[in-house]
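The letters A, B, C, D and E name the chains in turn, as written, and every chain counts its residues from 1.
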Amino acid sequence: MALFTLQDISVAYNKQNILKDFNLEIEKGKLVSLLGPSGCGKTTTLRLIAGFLQANEGKFLFKEKDYTKVPVNKRNFGFVFQNYALFPHLSIFDNIAFGLRLRKNSKSEIEKKVMNVLEIVNLKGFEKRYPQELSGGQKQRVAIARALVIEPDILLFDEPLSNLDANLRVNMRVEIRRIQQELGITTVYVSHDQEECFSISDQVAIMNKGIIEQLSDPATIYKYPETKFVADFIGFKNFIDFDKRTDHDGKIELNKSGYSFVLHKDPQMSNSTGKIGAIRPDDLLIREKDNMGAVQENSLPGRVKVSTYLGRSYQYVVETPIGDFTVNKEMAESYRTGQEIILEIPRNQMVLVD
Amino acid sequence: ACSSKDNGKEKPAKLVVSTWGFADDFFRPEVYEPFEKKHNVEIVVDSGNNADRLNKVRQANSDVDVIYLSDYYAQQGIDEGLFEKVDHSKIPNIDNIYDKAKAPNGAEYGPAYTIAQFGIAYNPDELSKPITSWKDLWSKDMAGKITIPSITSTTGPMFLDAASKVSGSEEFNEDKAFDQMKKIMPNAVKEYGQTSEFVNMFSQGEIVAGPIMEMYFGDLQEAVPNAKFISPQEGGYAVMNTVNIVKASDQKELAGEFMNYILSKEVQGKSAKAKVDSPVNTEVKLSETEAKGLTYGDDVIDSLRVLDMKFVNENSKQWIDRWNRELTH
Amino acid sequence: MKKRYLYLLLLPGVLFLTIFMIIPILMTIGTTFFHEGGGFSVQGYLDFFQDRYFIEILLTTLRVSLFTTIICILLGFPAAYYISKLKQRKKAIMLLLTIFPLLTSPVVRSFSWMVIIGKNGVVNKLLMGMGLIEKPLDILYTPTAIIIGLVHLFLPLIIVTLVGVMENIETDLLKAAESLGASRLAVFSKVIIPLSVPGLVIGSILVFIGSFTAYTTPALLGGKQRVISTFLYQNAITLNEWQVASIVATIMIAVTVLIISIMNGLAKKLNPKG
Amino acid sequence: MQEKNRGLALFTFLVFLFLLGPLLIISVTSFEGGNILKFPPEEFSFRWYENIFNVDMFLVAFKTSILVSLGGNLLALLLGVPAAYALSRFDFKGKSVINAFFVSPILIPGIVLGFAFLRYIVGTYQLPIYAALFVGHTVIMLPFIIRVISSSLSNFDFSIEEAAESLGASKLGTFFTVVLPNIKSGILAAVMIAFLESFNNVDISVYMTGPGVSTFPIQMLTYVENYFDPTISAISVLLMFITAFFMFIVERLMGLSYFTKR
Amino acid sequence: MALFTLQDISVAYNKQNILKDFNLEIEKGKLVSLLGPSGCGKTTTLRLIAGFLQANEGKFLFKEKDYTKVPVNKRNFGFVFQNYALFPHLSIFDNIAFGLRLRKNSKSEIEKKVMNVLEIVNLKGFEKRYPQELSGGQKQRVAIARALVIEPDILLFDEPLSNLDANLRVNMRVEIRRIQQELGITTVYVSHDQEECFSISDQVAIMNKGIIEQLSDPATIYKYPETKFVADFIGFKNFIDFDKRTDHDGKIELNKSGYSFVLHKDPQMSNSTGKIGAIRPDDLLIREKDNMGAVQENSLPGRVKVSTYLGRSYQYVVETPIGDFTVNKEMAESYRTGQEIILEIPRNQMVLVD
């Protein structure tokens, strides 16, 4: 049963629709991420749930009660702001204790809880400082601590880790997830970091221009994007707009400009009727041109146009008769710009989207 | 007050007159301009209340030549040696004014150019019987219905003197006066510092009676047409406004001329007819309507009591102190 | 570098005030510590503090000023907050309306209060008309009337000052507080007030000092009750007792400094970073 | 405004009723036909408005007051804005002392301040009366300018100042292009409060007026010491109109938003 | 030749040293990233270069001239703020035009340049809005545009992309790099995103508690971290504190609790004398337990303790006799929690650090 529901919500600023007919249902104890391009309405959705914003249309239900007009402070939802919004006049301790004091916790309880959460966000020893005396990442952690400590019914995170380094980010997200699960706090999480979203979430909603394009568990989204937008967004950088699609038993045959490709027909993909093929740079195979005249099945001749170092791997832009492809390849073998190569699309790595 | 002689061309001399700023629209055309023409002088006015203007003269860096003050403040200036002695023989018009007006602060100093009566005004519609005496203000019926002048205002000491009278003492008796004052305090809603307060309170019905100068009675009638002004049977008081020449002046001659000029029948008559000031020049004759609202006529003037300003000035500090301590709680 | 700028910015003001105010005032105050003869003495001050009458008017004035300040804050703060949240145009209009009363002469203003709270005033007529009271209430010519008049006089000051401060408070901070469970009242008391402290402090100081030294309003609306400025005025203007006046003034300055430091202390508690 | 603010709106309305109600009464009394300030009025006329212009000293004193209040305001801004800025922007030793120093003129009862001015600025320094008036008014405006502006700078986000500097704006340029526009209403508040403080001032002006030089409120006081007619009501109404008109012009030229932060 | 140099810089807040004896030299036209944990002093370093902050000690040289005391506005360095610092009273257009107007560009020039940079940051059509009307990511892009448009001598970026989604992030970083290289603008770039730093930089400086631990080109850092801190920071999550190290010709032998490991001796690694082994989760191999009694060379017996889904791969925490290891493995085969497995450290994937 859904803990809360956004029903046919529309929100507009200056008559411009930001969210339209927006629907979202979240079950108790789940963590749902909102993922989408800048300006697509993620923050707006969070603010709506928090009650900072009134929808022009639609309803917000919480525990099946109409919460549309319940004031913010009656909601007991924690919010972690994109720009921290720490109280400049309060010390770190008092910032975090703010909600507890309003809840009339005893002094010793407050002390204990604040210290505990400071430990979690790795800021022990900072309690006497003021927000102005912290670095960006430190502020962000205080903002998280402040929302966590009140053990809210719903936790709303707006890019809570955007200013942290990779290590801290991983630690923090593990902590957030742990606390969230331990306390069973239903959570909506906005982040632009896909790995973060995937690793932390029970469900991921991919948003685009004020609507949810796909809402599924991370593995499904990762593997089976349903639209071109979603595919593109989660890293299927290469698209082939096939001329023809022929469904066979267990496999699909696809054609483009005389080249033909074969795909495994995955049971989960069976609904898809699209004929745009999408594949990740990591999943494309690249190999030196073998001097055979003909190109094998699912393969294309190509030439390295650009090569970029990415740390873990090299990224190549490869020119082929049916368009440019981006390919990532672990460092070991490196190709020169201009080099002729063969590009292969593995049978089970391409998805078809609308 | 110095005549500036730049540009070769001689500019008219400047005479600085310090006054209340009352009826400027009358004084300028009717009084100053004729004098300016006749003596090729420019009259510059410094206006303000008695205390403020006197203070500026005290600090000795104002250009004032002639100063108008009530007798109470004039006495202070005199005691502090701020004013020039006046040779009455050089002011021939002095001979034509009431005796009372000739030397309110002693024969060596400036005369009063006008005398006003301090009496009682009341609203008969709000009272069961008419007021005839200072004593009536002490009546129980007056509880919370009157105002009295503040001790620091010009008429304050006069009212204190009236209290002494009411107490039964023939001569002024300070202790009795204050005891009597204590008795009137329940009747007074407040003390007034400016006559405008009296007028406002009276017209809004906050008070129904109180001691006030006759020259303001016309204003009271505007608000309360039935209002009455009386000279109390014990006698009203003479409020005298004086002119003096400032010691630091470098235009003493001209100042003397000016003093004489404002006592002239011509000027006194004009200001009486304009109902600006009651005349002191006995040659000025007024019809009954012309005299209405003015303190006019030998009988009236004779009946007025005059305080010894020197005595007042010597005691005012103590009176104010006692007033504050004994009356204002 | 920073230092140089600092001096450059502060110096003109400091010099100006020193020459045209501090020196004249120090010389004036300085005279209160000397006998007529010339020796140093604090006798003048001792005399004052042994005078029950003086202490009494000092306390009365303090009471009136404190009440005025508190009422101004209670009325002005919420109003300022409301105004600061308005859209530009409305806000500008409200600010304008706020300062209008300051343009009226104190004399007419007290006349209008007489019309409102006087014996035959609007309030009494209304209350008697409704049968709530039998006899008119005595408000005019009491300390209450002084406070009403002073609040009317100084409320605009505090509103205008507070709006200036509140505008710069980020709205997300208020939302953050709400999301942590703060009611409107709690947001107000725990976030808005502390962040408005700088404006509140200066506003209160202006109101307090204004009330403490006010002359015309107590003189016109108050009854027989004296306030300290009446006392000062009598000595200075009527009696030309500048020595006494300067002593009173020095005491007034000392009292205000004391009150201000108490206020600053309170402010530090509310917002240590203000 | 949402409904939750209704209580606050009502409260504000009542506060404004309190502030403006008396003005209504004053306005009404200004049209009284008789010679006495009265309420409720009995006749209707404009004669007291005409009267204002017939009283010479009002016109002269009004000009003096405007000149002194505006000029002094300008000088106070020149001296005060840099100081206010320094006091909010930097932390330094002795800041609280400097802060106290700048508010000191309002700590001193006006009569005493005026007296001290008369003795030393007019007396010892021998400044002409006009200049003394000007200087004295600047002194009393300075604390308002400094304190009101620095309190409005207290929540100011100074990082935008760094942004402007990094884009090539000089310190002064930064101040004018990014600081000032964001504290406009604070400045406006300061200017208004200071102006009114000076324009309405009596205690100080009373000592610093002399033959031919007087300020408007002094003339008004002088007037009410001698007349009881509604002229000052009319003056008050007229002043309000002048202000409203001035604001209207500004609004026409630059929009009312000129007075507030965006 | 260095375009600018930080020489023996020390910075302290409240007597607490934030940077100490800090040295950094950057060549003209290069892009150098600062990478380091939250609070290590990255922003401080940037502010110092920009001139917002005066060092307590040390010098800042620009084009060999002492710039230590040159005021900010005379430096012509662009700064992109972590918290954007947009001018709230100016429209987006005016925010961006701000620097150009100061440079007395003509109206038409300004119009052209602003529109051009708006195009680059993907915000055409937003020029009339005000900062308060933008989403977090949109604000961030305006901040970037504002700094770029003045073509500064040095560009300073403080986490300029932290609030953008992955796609936009990649696009923006490519744009930043392109413009930077085209115009040859020397750039210091702070980011907590390693991939971003590695892909965009000529050199990467890894900072820790106010000092630079290692400054090299991205590939070197990636492959040859010199200290344990750096290794840990860039993803060598697994550390083995060996009991014994024996250097042979071409290989190194290492022992820990009876298990022995052999490493290829890489020429670039030859200087290292450390005996802490570090290896990335991605580089560890994991396989089902073959029922052979003995464990092969470089291998360890282990048991899956935790398993997390990361989108692209699964992450396992494996318990072994010499400690826990974190291992990433592409999705294909997934191990159950509790399962006994074999862990292998490939010969050429471990580095030795101090």
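Quick notes on this structure:
Here is the rule we use: a contact is a pair of C-beta atoms (placed from the backbone, for glycine too) under 8 Å apart; a residue touches a chain by one contact, two chains touch by 3 or more.
All values derive from a computational prediction rather than experimental measurement.
Of the two interfaces, B-C and D-E, the higher number of touching C-beta pairs belongs to D-E. With centres defined by CA atoms alone, the chain at the far end from subunit A is B.
Farthest from subunit E in terms of Cα centroid separation is B. If each chain is reduced to the centroid of its CA atoms, subunit C and subunit E end up 57 Å from each other.
Averaged C-alpha coordinates put the centre of subunit B at 36 Å from the centre of subunit D. Centre-to-centre separation between subunit A and subunit E, using Cα means, comes to 21 Å. Residues of subunit E in contact with at least two other chains: 71, 83. Looking at subunit C, residues 2, 107, 111, 115, 170, 184, 195, 237, 274 sit in touch with two or more other chains. Residue positions of subunit D with contacts to 2 or more other chains are 4, 37, 39, 119, 157, 171, 182, 221, 224, 261-262.
Of all residues in subunit D, those touching subunit C in their complex are 1, 4-5, 8-9, 11-12, 15-16, 18-23, 25-26, 29, 37, 39, 78-80, 82-83, 85-87, 90, 92, 98, 100-113, 115-117, 119-121, 135-136, 138-139, 142, 144, 146-148, 150-152, 154-157, 171, 182-183, 185-186, 188-190, 192-193, 196, 200, 202-203, 217, 220-221, 224, 232-233, 235-236, 239-240, 243-244, 247, 251, 256-262. By the touch rule above, subunit C contacts subunit D in their complex via residues 2, 5-6, 8-10, 12-14, 16-17, 20-25, 27-28, 75-76, 78-79, 81-83, 85-86, 88-89, 91-109, 111-113, 115-116, 152, 155-157, 160-161, 163-165, 167-170, 184, 195, 198-199, 201-202, 205-206, 209-210, 213, 215-216, 229, 232-233, 236-237, 242, 245-246, 248-249, 252-253, 256-257, 260, 274.
Of all residues in subunit B, those touching subunit C in their complex are 51-52, 55, 58, 76, 80, 144, 152, 185, 188-191, 193, 196-197, 200-201, 204-206, 316-317, 320, 324-325, 327-329. Of all the residues in subunit D, the ones that touch subunit B in their complex are 34-39, 54-57, 118-119, 122-123, 206-207, 209-212, 214, 218-219, 221-228. Residues of subunit C touching subunit A in their complex: 170, 172-173, 175-184, 186-187, 190-191, 194-195, 197, 270-274.
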